[in-house]
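Note that chain A is present in both complexes that follow, paired respectively with chain B and with chain C.
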Partner chain A sequence: MAEEMRRNLMELMKSTDDVLGIIVTDRDGVPILKVAEEEAPELGLRPTFISTFNIATDQAGKLGMGRNSRMVCVYGRYQVVHFNHLPMVVTVIASSVANTGQLLALDSQMAPLLASLTNVVDV
Partner chain B sequence: MGCCCSTEQENLSQDGEVNERTRLLNDPVSNTYQVTASSNDYGNHYSTSATKKSDDHSVLNQILQHTASSIIDVGALECHTLEQHEYIERVRTYNQRVNAIPQVKTSNKRHHEVQLLYDTPATERVLSAQPISLADFNMMITASQKVVAAVAQIRVEHKEDLVVPFGIP
Partner chain C sequence: MEKPLEKCLDEIAHSTGVSGVLCADHKGLCLGVRGKASNASSGTVAALAERVAMLEPGSLDPVILLESDNSQCLIHRNSGITLAVYKSPETS
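So, the complex of A and B:
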């Protein structure tokens, strides 16, 4: 089943322009499912990078606007979109020219996949 | 005053009169306590006062915890880094669990070949693009032909020896 899921994720990645990688992790950045192009930045796929989202989303939730659900970070060459599905975190890495709206729409497209992964991570 | 077990405490506090026994914090828990305590047997005063203290303490602790969790203290943030063995262990566990997930019918896009319509990424960009003019097209053709001709004429001009004796007397 893992291979099937990885294939689905890969198709999803290929169907959106300029996406370099999609990684589903737990809150500490430990990968559950990962697909990435060769040109994806190595740092962006590391647990140390992804786990910072967990801290950031916790703090962003204290700003009085309710729970933080998504985070978009745009850098010089890349943009990184995090989806808060705690205890799971979905990280999409794309080039900076990618259509951010399309990246955000990946969240709903991944919903069936994430639903089947809910019992993988301990809460 | 001066009496440790005064039964008038409840009356005094309920009068609305400000004195040393007046509560500064007026929270729901202590209000509930007052209602229940007034109907209680005063023989159990010592035990109820101990309960009251622990209630106050827990309420204060709750307030403290709530305040602490609502504060954004960047300095106190600590990044939890996983040990290598813990990381490997978790990866293994997740792999096992993902493999154990029963086969479910997911949206299968592998049959694109037999479908007439299927999703094309960024269609709006393709459809909204202006068709190029004939003049531009001709210019591209001639320019590319010139480039091909120029590339074909590139020759290496041999001026110096490729192998140079170095440091040999």
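So, the complex of A and C:
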């Protein structure tokens, strides 16, 4: 089943232009499921990077607009989109020229997969 | 700053036969939406416009018509901004 989920995620990654990696982790950045192209920045796949979203989303939730659900970070060569599905976090790494709207739309496409993974993460 | 855009979207949305309007920027982010159009479609609409433009490189961006049993969607990109107009069948 894990292999099937990984294949599913891989298909999703390959079907969207310029996506370099998709990682499903817990809130501490520990990977649950990961798919990445060779061109994906290695530092961006590490728990030390992914876990910073946890702090950022907590702070963003204090701005008086409710819970932070998604975050887009655009860098020079890459862009990173985080989805808050606590206790899980989904991180999508793509090229900076990728269509950000399509990356955001991946959230709904991953919903069935995330529903299956919810039981994996201890609350 | 966005008032002229909002006004333009309102005018289009109130036109005869139009059931929805969506405006997306070059990154596929939604600039405005009216009626039955969904902001979740902005990425797809922008990506479609970009792809179709590759059919004839060097030409003006084409107008795309998507037709289903009960509605039509017209998509056109100009200067990086993509507009999608959803129309109902009785006035197609």
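The rule is simple: the second predicted complex is superposed on the first by the 123 of 123 C-alpha atoms of A that agree within 3 Å, B and C clash if a C-alpha of one lies under 4 Å from a C-alpha of the other, contacts with A are read in each partner's own complex, and residues count from 1 in each chain.
In this section, a residue touches a chain if its C-beta (ideal position, glycine included) is under 8 Å from a C-beta of that chain, and two chains touch if they have at least 3 such contacts.
All values derive from a computational prediction rather than experimental measurement.
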Simultaneous placement of chain C and chain B on chain A, clash or fit: clash
Which partner reaches more residues of chain A (counting touched residues only), chain B or chain C: B
Touched partner set for A:108, first chain B, second chain C, both or neither: second
Chain B versus chain C as contact partner of A:86, first or second or both or neither: neither
Chain B versus chain C as contact partner of A:100, first or second or both or neither: second
Touched partner set for A:117, first chain B, second chain C, both or neither: first
Partner chain in contact with A:33 - chain B first, chain C second, else both or neither: first
Common interface residues of chain A - those touching chain B in one complex and chain C in the other: 17, 99, 102
Chain B contact footprint on chain A (complex, rising order): 1-2, 4-5, 8, 11, 15-17, 26, 28-33, 47-48, 51-52, 55, 59, 62-63, 99, 102, 112-113, 116-117, 119-121
Chain A residues within the chain C interface of the complex: 17, 99-105, 108
Interface residues, chain B side, partner chain A - complex: 69-72, 74, 77, 79-82, 87, 90-91, 94-95, 97-104, 106-107, 109-110, 119, 121-122
Partner chain A, residues of chain C touching it in the complex: 24, 27-30, 40, 42-44, 46-47, 50
